[in-house]
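Below, chain A partners chain B and then partners chain C, in two separate complexes.
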Partner chain A sequence: MMNNEHYRELGGREFRDHCISLCRSGFTLRLMFATDERENEGCFKIYVVFSETGKDSFQIPFLKLKGDDLSYHGLTPDIPAVHWYEREIHDMFGLTPEGHPDLRRLVFHDSFPGDSYPLRKDWKISEAELREWGEGLVRKEPYHFMEVKGEGVYEIPVGPVHAGIIEPGHFRFSAVGETIFFLEPRLFYTHKGTEKLFEGFGFSEGVRLAERVSGTSSFSHGTAYCMAVERMSGTDIPEKAKAIRTLLLELERLYNHVGDIGNMCAGTGLAVGYAAGALIKEKLMQLNERVSGSRYLRGVNVIGGVTKDIFQYADDILTTLETATGDYKAFMKLLLGAISHVERLENAGQLSREIAMKLGVTGVAARASGVNDDIRKAHPHLLYDRLEFEPHTTTRGDVFARMMVRAEEAECSISMIHALLERNYGRELAAEVKDVSPHACALGYTESPRGSLFYWVKSDAEGRPLRVKLRSPSYCNWPAVPFAVHGNIVPDFPLCNKSFNLSYSGCDM
Partner chain B sequence: MIKEILKNITGKKQAIRFPGGSAVSPEDAAKIPALQEGMGKVFRRSLRIRQVDGGSCNACEWECTALTNPVYDVERFGIGFVASPRHADALLVTGPVSRQMELALRKTYLATPEPRLVIALGDCAVDGGIYKGSYAVTDGVANVIPVDCFIPGCPPSPAEIIAGVLRLLEELARRK
Partner chain C sequence: MEYLQFIVIIIFSPLIQGIIKKVKAAMQGRVGPGVFQPYYDLVRLLKKEMVISGVTSWVFRATPFIVFASTVAAAMIIPVITTRSPFSAMGDVIALIYIFALGRFFMALAGLDAGTAFGGEGSSREMAVAMLVEPMMMLSIFTAAIAAGSTNIAVIAEKQDIFYSPSHVLALSAFIVAVVAETGRIPVDNPDTHLELTMIHEGMLLEYSGRYLALMEWAHFMKQMLLFTLAVDIFFPLGIPAATGLPGLAASFGIYSLKMVLMAVLMAAIESSRAKLRFFQLPSLLGGAFVLALLSLLTYIMMGK
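And now, the complex of A and B:
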């Protein structure tokens, strides 16, 4: 296994300048996170991970924060894509990015105590504080929504409990007539302390938790997490396990994309399209259950490989895919022929390439706005270097574009599954897992149905988890939604939102 | 077409077929017509549910959504999902109830007219599931509002959810 992670320690100013210059020379920002390593090294560390353009390599500059001065030169003014990361690090570790234009709390809501940083190793919280946090009656650190003033501007607050069967989040629209002038989402209602929880689990138990971070990306999360731990311990997984993971990643993408396209019909009121999409998705989920024992492909991944030989169901997969492909073609024909549907999608929720780049948008949303980025190509892993495919991009940037990118990728997934099933890969399902050495760290990543997904793990002196950082694609894409809906009418918001189909649970951690 | 519809109206045959390999046993599925009877007695053929996400991973919600797809189509039993707690007979709560959702869940509960039922759906909702013990969750719906019925599973499949609702109906019929 080639190591493609290049760590480099830099001091305060240098760190900032280096990050800015990487960004200027076209490197892609992937994630930023902090660790509390006071016990061993007497410092906090802040890492930023960049992908080198056109090369399978990660540049990872990091900064040490020692002593009492827990602030650093913020990067946000120069690299807008880190604006959430810096706020999150501020919430979780109490490290202050100087010069950040908006340091309101991101993760924690008003009733969470100030000066309380859960990811610090010595963090404690009293029962009473926890109770008050849940009751939500005392506003300890009030959050101020941005206000739009002017004639005819009014606010529409929506959520966290919505009308449909969806996840919770609060949206505050400032509208002029029917038109959305400004939208401020307030998320993190589903914050479950997942990263802290990982630290209490062992590395191998962590797989179950990773699979439960975001329901419809269960397999991607499991894979990225396992990959991180495997890379950290220097475990090479067998060919067969790679093939099975690749196959299931594509099955996951397929059921998600088909389901998402169907769900967009709910946004335009095309009931027949919605039902048709749901039906194909259901068939694919039943296939998931038959081959893996779980409709969400859970329980297959383990550190070192997989537990089940999915290839023994090759016939079932092929026949199901055959009918699904037929249904899917008819379904797309139906949608593209429904003028009332297509008209609503065209030009709605436009996200420009420039904003997508600046905010570090990922996945379908990025590719639909002309950003050619796909982890499967940028950092080939598993068997992706042997499969033929091209990332699908278009420059339209609207809801229609996001639907079409999904449609093309779904077809591409089907052909990849066929290609995978054609070959033989030996019999071994899992490698023996080597012990995790102390103070080791590594990245794990994959392209989930929603976009790039990262895990970073580090072990402590005993080889147990010191830090597990997870970065879901939704975390990158949420900040882009307000830009996409600006100028649209309020009734089109659900449609725009569905076209991004972001996970709240994955984002809120 | 008209013929088909007429046949469906007059025919006694139940249009219930669960996917092979589903975790619910055939006996459970055979009990489904009883669900319809129970529905008739207890809820006058209509049970309106408001789904509330208490910080789930979202798989539990997707299984609820699947209940409305053409395969399970729970509308045919009179079960439907409504947009507001004020229209609901029952709350179907998923997730371990994150602390940041606790207040919203309480408010939703208070907005639901009495008599109201609460169903806790999924391992997380039962006792916190995998998230049990985390600082940011309350370890289950019952720690926030009173619960009438637990449906475990991670996530429970659509067929299991239907079977769970059936159990609740039986229980209610007995209580009556």
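And now, the complex of A and C:
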């Protein structure tokens, strides 16, 4: 396997200038994270991962922070896309980005003490403290919402507990009449400390955890994690495993996209459309269960390959897909024929290309705003370099565009599955896994239904996990939602939100 | 016997709601709850403990009774299965609309009373919609009233020969839009949503629980059936007798039931075929219906039928 990761150590100012110049020359920011490597190298490190345009290559400049001075030149003023990453690193490691315009806490809520940095290696917590935080009795660091002042401005607080069966998130609207002037979402209510949990697991047990980060992207998470560990240990997986992974990634995309399009109907009150979408999604999930034993395709991925030969169910997949395709075509015809539905979608929740680029928006939301970015094309992995497809982009940037990008990608997934099932790929399902060498690191990535998904893993001196960083697409896209709903009316918010369909769990981690 | 015809509305209104839900479920390919589910829901709510916000005033506690009582009063002046309504002297169609307005006024106040954002939103939207619906509804009834020479609903219902003309069709279309808006159905409001930010009618009720909620829900079912009844009284009075004897009433009840079920199916069909309108587009729909009602009146005056 060709190594496409190019690490480069840079000091202080140079690091900042380099990152800015990469960004200016059109490289795409993928993720930013820190590691605590004080044990081996006596320093914290901050990594920024960029994708080179038009080339399967990652530029990864990193910075070492030694001694007592735990601050660095913040990148946010020049690269707005890193604003959440810098806040998260500040919460988790206590490394301060100088010049960051908004250093309020991002991940931790009020009861969590301010001087506790859980991702540091020497972090400890007593039973008594744990109980106190868990009960949320002590408000140690009150959070201040942004306030909009002026005549006729009023606040609408929504959540964190919602009426539907969804996860917690708080939305603070500042509205003038029915028009949304400003929206501040507050998330991370169910932060599970997933990255810390990974450190306690072995690399091979980590797959089960990765599959449970975000339900509807279980398979993508598992795949990206396995890929990272395999690359780190230099394991090449057999053709058959690649084919099965690609197949299941597309099946996952298909059921998600169809379900998401159906969900948008709940936002406009088109109950018939919602029911039709849910029915097709259910049929596809039952197919998942028949071929993999899990509706969410869990338990198939292992380090080194897969556990099940999905190709033995090729007939079932093809027949189910055939009926699903017919249903899906009728479903799209129904939706596009319902003028009252389409009218609601058009021009609602517009996200401009400029803001999508600046905030590093990814996946369907980015492609609907004219950002032509798809990890399957930008960094071909598994069998994607052998499949014919084009990322679908449109420049409208509204809710309708996000629906249409999903609709086109769903059709594309169907034809990719057909193409995959036509060929033969050996018999071997999994390769022998090589031992992980000490102090090795690697990226794993894929295009999940919501957008680009990244894992970065590093081993310690004994070849166990030192750091597992995961970056879900929801984490990139949540900050864009307030921009998309600005100027829309309050009753249109649920629709705009559904068109992004972001995961709370995948963001809270 | 005829004194008790309003009881029909009180007893059967949850059933109409159940039928609408059942038809909607069928149109979505679902089995859906049984048609008696609204009764079970009311019984469940009546048994439940109430939670009342500490910041509310007497308005909040009085509203369920005012809304329920005003709806029952409206039911009394409407001919349901016979036009010999002894209470019809109490009020005409204008009184009816204002009795509804009384309930709405208190419901909007109660929505504001608890001081929550969703209640206030619901109240403000409800009043905005009401402002457009009330005159339109009144105007669409006026055509029939002028034709009958009276605003008394019983008198309008008895003059069955003057209808089925262009003005009648126009007024009926406007009135159907008014019924959709008044019952809080798609495309004006979504009765099945759990999304607080989009609610109109449900938003005002959000703070209610237990017995009070049961009263408000029941009143809403009654209002829905009343509007359906009003629609058939004014636009399809065929088969409603002036009789008071038991056989005549029984036959009339059969015809009435059939009409109500047809109205329920019509409502479910309207709801299933459309998405909800964007809130600021409501004036176009309601304004359009107002124009229809106006045209109906002009047509009647110019054509004489």
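In this text, the second predicted complex is superposed on the first by the 509 of 509 C-alpha atoms of A that agree within 3 Å, B and C clash if a C-alpha of one lies under 4 Å from a C-alpha of the other, contacts with A are read in each partner's own complex, and residues count from 1 in each chain.
Keep in mind that, in the parts below, a contact is a pair of C-beta atoms (placed from the backbone, for glycine too) under 8 Å apart; a residue touches a chain by one contact, two chains touch by 3 or more.
A quick note: this is a predicted structure, and the numbers were derived from the prediction, not measured.
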Once the shared chain is lined up, is A:163 touching chain B (first), chain C (second), both, or neither of them? both
Quick check on the superposed pair: does A:147 touch chain B, chain C, both, or neither? Answer first, second, both or neither. neither
After the superposition on A, what does A:275 contact: first (chain B), second (chain C), both or neither? both
Tell me which partner A:102 touches in the superposition: chain B (first), chain C (second), both or neither. neither
Figure out whether A:341 sits in contact with chain B (first) or chain C (second), or with both, or with neither. second
Contacts for A:354 in the overlay, against chain B (first) and chain C (second): which applies, first, second, both or neither? neither
With both structures placed on chain A, which of the two partners, chain B or chain C, ends up touching more residues of chain A? B
Please work out whether A:385 is in contact with chain B alone, chain C alone, both, or neither, and reply first, second, both or neither. neither
Answer with first, second, both or neither: which of chain B and chain C does A:494 touch in the superposed model? second
Regarding the shared-chain residue A:194, is it in contact with chain B (first), chain C (second), both, or neither? first
Dual-contact residues of chain A, meaning touching chain B and chain C, are 163-164, 275, 279
Once bound in the complex, which stretches of chain A touch chain B? 108-109, 118, 125, 130, 133-137, 160-161, 163-168, 188-194, 196-197, 200, 208-209, 212-216, 218, 275, 278-279, 281-282, 285-286, 289-290, 295-296, 298, 503-505, 508
Which of the residues in chain C end up touching chain A in this complex? 24, 27-30, 117-118, 121, 186-187, 190, 192-198, 271-281
Which bits of chain A are touching chain C when the two form their complex? 154-158, 162-164, 178, 265-276, 279, 338, 340-341, 343-344, 348, 489-494
Residues of chain B touching chain A in the complex: 19-22, 51-53, 55-66, 68-71, 81, 83-85, 95-96, 98-104, 108, 129-131, 133-138, 144, 154-155, 157
